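Labels A, B, C and D are assigned to the chains in the order they are written; within every chain, residues are numbered from 1.
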């Protein structure tokens, strides 16, 4: 049910479609997204643009927060910090968002972004931020 | 000359083309980019996705750093923090990046992102981060 | 009047006294604090500990937010990011906090910390963060 | 041996003594510090000042980085972001720093700060930042 709400919201985020992102997994307080490194998602050296890691990391974290919210609420990002650890090269990127502390006014979240190449995975970005509930 | 280097690098960032971003101005230690809020750049309520503000804010800050670098260097984002102040609604977004402190190993940068609607402009995001030089 | 409220609150922050901090100036949406680099406020090389810059930058930003709040409210820090630009050496440190965007639920703030040596001043830290109102 | 280096460096950080901080544990890539909530470390409501959580979180993360550095290196904080999750109330605070990604030029670190009350512990702050090596 919460998964359906998240899939409906995700389907309306056109940025996610532009970047080819998909929902891989939805759990209580955690959501995993994946995205290919499309020809149109790159920086000047041909690897994933930092904005791709940000986009899926931020969205994974936001949807992780949404899994814990009442039916009539949505969330939006108040602030997000990303540390980029390694170039985004590989078959695809995978972002796992997680709620660290839910709250009525602020939801503290983190996300990890890995680059996946065959069986290998490499941590390429770490995000930490704040979601705020919005009534819709 | 530095402007040409920046335009060449920018042209290879396919993410910038995907988002419709353009270089508006290049100065010493500052670069301004603009981007429309394309149908494919939105979140679930139809306004600009946070990742659009991040993408152009981060790139404007990175190119601002590049204006102060020697010929054989490029920069990459080590970390970036974004505070989102208001929804990204309007005719277009404009990001102005600025170098706060250049350095041999770390370049501290900020960026402001405004939503422009006719004559009005509204600050919608504030970024603060670190670029690192990379020899290419 | 707002200045008196801030001085009363500041006087109750024992950490400010421990660090020798003082209020230098209070304006609408901006507060400036100063602190000496006490023998007990240093890191292992004898310059100011990062926590000193954080302490006065964060408090200056928090009190800047408080200047815009109704009488029965206080603020607390939800999150703060600090970039350290140069070692904290000199006669004293000065932190100027500023409200970037006031809001009912979130107040976005920045602060600059300078090291002052005689007539010279040097930017040593930059902070960007979020204050939240709390009713007391 | 690395523990001795860390204890020597820690003993020269006068800010740590001012705050009553102590080294609780040193492992490879991780360091734990504790600090009481001294009468002089508080904010206006009598709980721990945000700067106390920052101080021990940042130092725990820095020393975690130092455990992985060669003998002639030290580290300093380039940038640090802290999310404050709950008031700092209890018997003492405990900060555990951890290296997420070591590097020649940048070391990415996190820290968690818990408030300890008897057998209970509560996560009160989360830090994510960047240390840089400095040759001394």
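Here is the rule we go by: a residue touches a chain if its C-beta (ideal position, glycine included) is under 8 Å from a C-beta of that chain, and two chains touch if they have at least 3 such contacts.
The structure presented is a predicted model; accordingly, all values stated were derived computationally and were not measured.
Set against one another, B-D and C-D show the most C-beta pairs in contact at C-D. Work out the mean CA point of chain B and of chain C, and you get 28 Å between them.
Chain B and chain D have centres, each the mean of its CA atoms, that are 33 Å apart.
Chain D has its Cα centroid 21 Å from the Cα centroid of chain C. Each of the following residues of chain D touches two or more other chains: 78-79, 81, 83, 129-130. Chain-to-chain contact here is organised exhaustively, every possible pair of chains being in touch. Chain C contributes residues 78-79, 81, 105-106, 130, 132 to its touches with chain A in the complex. Note for the complex: chain B touches chain A at residues 9-10, 12-15, 17-19, 38-45, 49-52, 54-55, 58-59, 74, 76-84, 136.
Those residues of chain A that touch chain D in the complex are listed here as 81, 83, 85-86, 100-101, 108, 110, 123, 126, 128-130.
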